[in-house]
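As structure tokens, here come the structures.
Presented sequentially are two complexes of chain A, the first with chain B as partner and the second with chain C.
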Partner chain A sequence: MEAVNRIIKKNEFISAALCAALVLLLTVAGGVFWSRGNLDSLQANIAPTAIMAFGMMFLLILGYFDLSISSTMLLAGILSAKFTMMGLPIPAIVLLVLLAGVAMGLLNGFLVSVVGINALIATISTQYMGYGLAMTLWDGVRGMGRFSDSFVALGSGKFLGLYWMTWVMLLLLAGFWYFLHSTPTGRSLYFVGGNREAAKLMGFNNRRVVLLAYTVTGLLAALAGVLAVARIESPTQYLGENIHMTCMIACVVGGGSFAGGKGSALGAVLGVTFMSLMTNMFTLLKLKPQFQNIIVGLILIAVIVLDGWSNLKKMREQGKI
Partner chain B sequence: MAEGTGRTLSTNEKKKFDFGSWIIIYISAALFIFLSLTRSNFFNFNNIHSILYGVSFNFFAAIGFTLLIIMGELDMSVGSLFGFGGAMMGYFVFTYRLPVGAAMVLAMLLALAIGLCAGFLVVQFRLNSMMVTIGVMMAVKGFNWMMVNKFGGRQLPSEARNFVSVDFLSIRWSIWLMLVIAIIMEILLNKSWHFKQLYYIGHNMDTTILYGLKAGRVKILCFGLSAAVSAFGGCLMTARLARPDVTVGANLEISIITAAVIGGASIFGGRGSIVRSMLGVFFIFLLQNGMTAYNIDSYIQQIVVGTILVAAIYLDLRFNRKKG
Partner chain C sequence: MKTYTPSSAHEMGIRMVHQELAVFENMTVAENVYPDFKEKKNGFLDRKRLNEKTQEQLNLFGLKTIRPSAPMASVTLGGQQMVEILRCIAAHPKVLILDEPTSGLNDSEAELLMGILRRLKSEGLTILYISHRLNEIMQISDRVTIMRDGQYVTTLDNGPELTEADLINNMVGRDLSDSLYSIKQSGHRQEEALLEVKGLQKKNSLNPADLTLYRGEVVGVFGLEGSGVVKLSRMMYGLERREGGEVLVKDRVVKPLTPRAMTDRKVMYLNNNRKMAGLLLDMPVTDNVSLPILKKVSGKGGMINFKQLQQISTEFIQKFSIALPSLTTRPRNLSGGNQQKVMLSACLAPEPEIVIVNEPTRGIDVGAKAEIHSFLLDLAANGVGIIVFSSEMPELMKLCDRILVMRSNSIVGEVPSSEFSEQTIMRYAAVDENE
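Then we have the complex of A and B:
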């Protein structure tokens, strides 16, 4: 009983339970869910989103957000095509695209931590700018067609039955898990995010950590963009559409909080799995994509309200308001 | 021009150079003169009239937005509710063959309900308004898209199209309406106690509550107003385009927030004026018109507007951040 209680109280429990419920529902609903093709597309959906969600979770723990990851992902996809057309070798392409992601992340981090602009406004403007930049480049790669076979292998190559990108995701999961749980810097993030003023007084350097978190988020978004576009096999202007919303919802469902100081890497993966299973369910039920947008928007509002409500309750208990 | 707004509470602020209030007039004038001198087809009645005509639609999304930013809240859903107004007007006209006036009123009422709900959530649970309205934006955008797809590009009947292009003294009525509303709102915000309380709430909400102002209720009402008035602007825009379209109100929130902030509103609350927001919308339009005249790609225009937004927010931070 003691053990059961401990598991239920874990932050990741809700998302794990939701995932289990959806898997059960999808299994009962029809045989297509467990088919090879569906599981593959589910993996290809979860892995890039989860890779980005690690960055988002990193920021959420610190009490920040990044809305620009969707345009960074799009930019990464279009830049991959651009560099392929320029005839660069694949390692150079990947490296340059990742550098572009780092640049976007640094820009965000600079605006938020050095200049001090509100994270939402800063990243919504860089999202807008990044989208503009990506779309100016888009005209040049529109007619490119398919990527070379070796580039496509980055996205659809498999090892032990799982895509490479899933392995990357698992590796990052282990890395982030270790970083957040077992390193002093990682553990201090929770303290910084939970109480910024106190952390500042104790001498934690917020600025540098925030800059780092944004840079990592940009890098991971670019990585996700390369992997996703390689899996799709040709550049698309719809890559990463609304994925910042998906990531944000996933992180909060997985135990993060907009108030900061909470969250884990495993929670991010579980949250993303939940969102992907939902999309999968919509597809299997043949729901229109526009309808999915409405539902995702409503879930976002619900998640924000629930998160705000629990924070309010906590603050009342502490007698802060 | 609108002087003194938002300064009612602190006297020592007057000593500082009031950067935010005047910059918008200077830069608009400078851009206007620049375009008049360098582009031969810029300075003529038709071009300027068409710019103002465009401004008059977007202005409706800026009214409620400005009232909310004065109280320190950001409404990112204005763009999608702008589109929502047009889509719902189309829906009522196509499906129930309602006269266009009734369709607009119904569309605005639905938008009002959405705005009130968002405002309620923000106030009741003390949520970040930007976060909540981004959720609203996404849900409403999906809805608009679904509705517009259903119509498949059908044209509105002529009575639902022509009302918007009626002239008064050879200028479109929506431009007159914009000017009248801007002036009335400006006077109310400066003189009427009911509107002045928005500045007090923006300066310090807790204190105003102690003094017995119903700050929460005012905020909820303004969220509702913002949504309904945006929907009205979207109806006019849709009538001008002659059919409901997904591009109506797309990315509008970015131009509106940029317009309000370069118009001297502060995202920290307590500052802002309707006339200057209107000038801000005018400036953004002028800029886009000018860039188009110089054959600058629309996506590059997007980058420019985003950069201006970041710069404006930075200046806001430098000059308007509350001390302590």
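Then we have the complex of A and C:
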């Protein structure tokens, strides 16, 4: 009972339970859920989104967020095409695109932590700028057609039945779990996000941590962009549409909080998996896709209300408010 | 030393326990005690070792109910305060500064802390202990420095001949010959109860409090910081959640107890912070005054009668002699005294029968202060009941017919005007009679 209680109290419990419920439902409903084709499309959907969601989760732990990752992803896709047309070798393409992501992330981090602009305003501005930049470049690459086979392999190559990008996601999951769990910098995210003032008093470098988190987020968005566009095989102007919202919802369902101080790498993956399974369910069961957004919205509200309510109850019991 | 910042103080071995808790509720107790713990085992953070080290600290101070791995959010306020103190001690500082460390502790916890500090002192630690509680100061200190109104007063050796009365005399000691501070000769007869507070309470912030205000009476409430004065003031006006008790206006229970219900019963509230919650700093003075009386000056169809509004504003401006270039002046550009008068105008515009004022003259010049005082006394003479929450004793003694004194979240004494003296009031506020 003690063990069960401990699992229920884990931040990731809700998202894990929701994922399990959806998998169960889709299995019982029969059909093609467990088919190779469906699992492949699920992977291709989950992996890039989860890679970006790691960054969003870091920011949520710190009490910030980033709305510009969708435009960074799009920019990464279009830049990949641009550099391909310029005839650059693949390692150079990837490196340059990742650098562009780092630049976007640094800009966000600078605006939020050094200039001190509200994260909402700062990242909406950079989202617009990134989107505008991407659209400017788009005209030059729209006629490109298909990427080279070796670039496409980045997106559809497999190892032991899993896409490379899924392996990348799993590797990052392990790395980030260790980072958040066992490194001083990783732990400091929770201290700064939990109580900014107190963290400052204790000698944590708040600014540097926030700058780092935004930079990593930009880098991850660019990485996701390269992998996703390689899987699609040709550049598209619709890459990453609204994915910043998907990531934020996924992270909150996965145990993150806009108030900061909580969240985990596993939660990000579980949250994204839940979002992808929802889409998958609506497709496979031929439900009206319009209802999907309504249900996701309701679940998000339920998760947040439940969390806030249990916190309020705890604080009242202790007479803190 | 070039710049003095919290981190440079850290490096010099100074640790401070802040009055406001600086804890991380999202982390475990152990992580709160050792926020910079870095030891690893097999490449992973050695949580077992972290918890053991914390347990040692907890044992050292006999804190048996707190587990190192428990989330900080699950620890009571008193426990959190102890954990914060432990964090400072665990860093082996050279100087330990404690700012009102017992404000969140109950009696047995405070007793425990005194024991801890005595032991640290005997081990050679230098401790700077800031407190309002005289019995703690008397118990623990070698020397006592007294400050008043932001100024150094004196430093006394805590020997056998030092008494609490010595401290109190130095804490008050204001020159009362100033005509600004005469003591009120109250001839008030308590006949018609306007406002009654019965058993108002909330766990850990206010013990059951009772208070009755009569027509034409001015009742003062005095208490040092953290004594529960602010809670009482806010709770009796429905600004803060309560766990029990009720408020009656003219013998009828106010239900639900909300600010709206109170204004409907002609009870007005003057906030203690005019910049944060009191004035619309960037809207014209007339708009500030009209806020509570918009309904009154609106005709049929809900149109605001601006003529009437100007008339009311002008009346107040003359009554208070507020120095205004024009009615459209924004309060942001006014002096503190004039701001305070505008705020009071807004509070009195609805012609209330009961007024609750908080720090009515904080940070304003002597002239404006005297004007506001005489205005409040006139109001009372005309039958308005007034409750004054103030941290300025002379102000209370000038305005009030009686003063209630709070300490440790309770009303601990009532002083009638015939017995007014700073010593009497300070004794209630700072000295625990049970000790």
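Operating definition for what follows: the second predicted complex is superposed on the first by the 284 of 321 C-alpha atoms of A that agree within 3 Å, B and C clash if a C-alpha of one lies under 4 Å from a C-alpha of the other, contacts with A are read in each partner's own complex, and residues count from 1 in each chain.
The working rule: a contact is a pair of C-beta atoms (placed from the backbone, for glycine too) under 8 Å apart; a residue touches a chain by one contact, two chains touch by 3 or more.
Just so it is clear, the model here is predicted, and its values are computed rather than measured.
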By the touch definition at the top of the document, which applies to A:314: first (chain B), second (chain C), both, or neither?
second
Touching partner for A:182 - first (chain B), second (chain C), both, neither:
second
Touch check for A:170: first (chain B), second (chain C), both, or neither?
neither
Going by the contact rule set out at the top, does A:126 touch chain B (first), chain C (second), both, or neither?
first
Which partner does A:261 reach: the first (chain B), the second (chain C), both, or neither?
second
The chain contacting more residues of chain A, comparing chain B with chain C, is B
Per the contact definition in the header, classify A:198: touching chain B only (first), chain C only (second), both, or neither.
second
Under the definition above, what is the set of chain A residues touching chain B in their complex?
67, 111, 115-118, 120-122, 124-126, 128-129, 131-133, 135-136, 242, 245, 258, 288, 290-298, 300-301, 304-305, 308-309, 312
Looking at the complex, which residues from chain C come into contact with chain A?
6-7, 10, 18, 22-27, 31, 35-36, 38, 40, 43-45, 73-74, 76-77, 202-205, 241
In the complex, chain B touches chain A at residues 74, 76, 121, 125-128, 130-132, 134-143, 145-146, 149, 251, 254, 257, 267, 297, 299-303, 305-307, 309-310, 313-314, 317
Residues on chain A engaged by chain C in the complex (per definition of touch)
178, 181-184, 187, 190-191, 193-195, 197-204, 260-262, 311, 314-315, 318-321
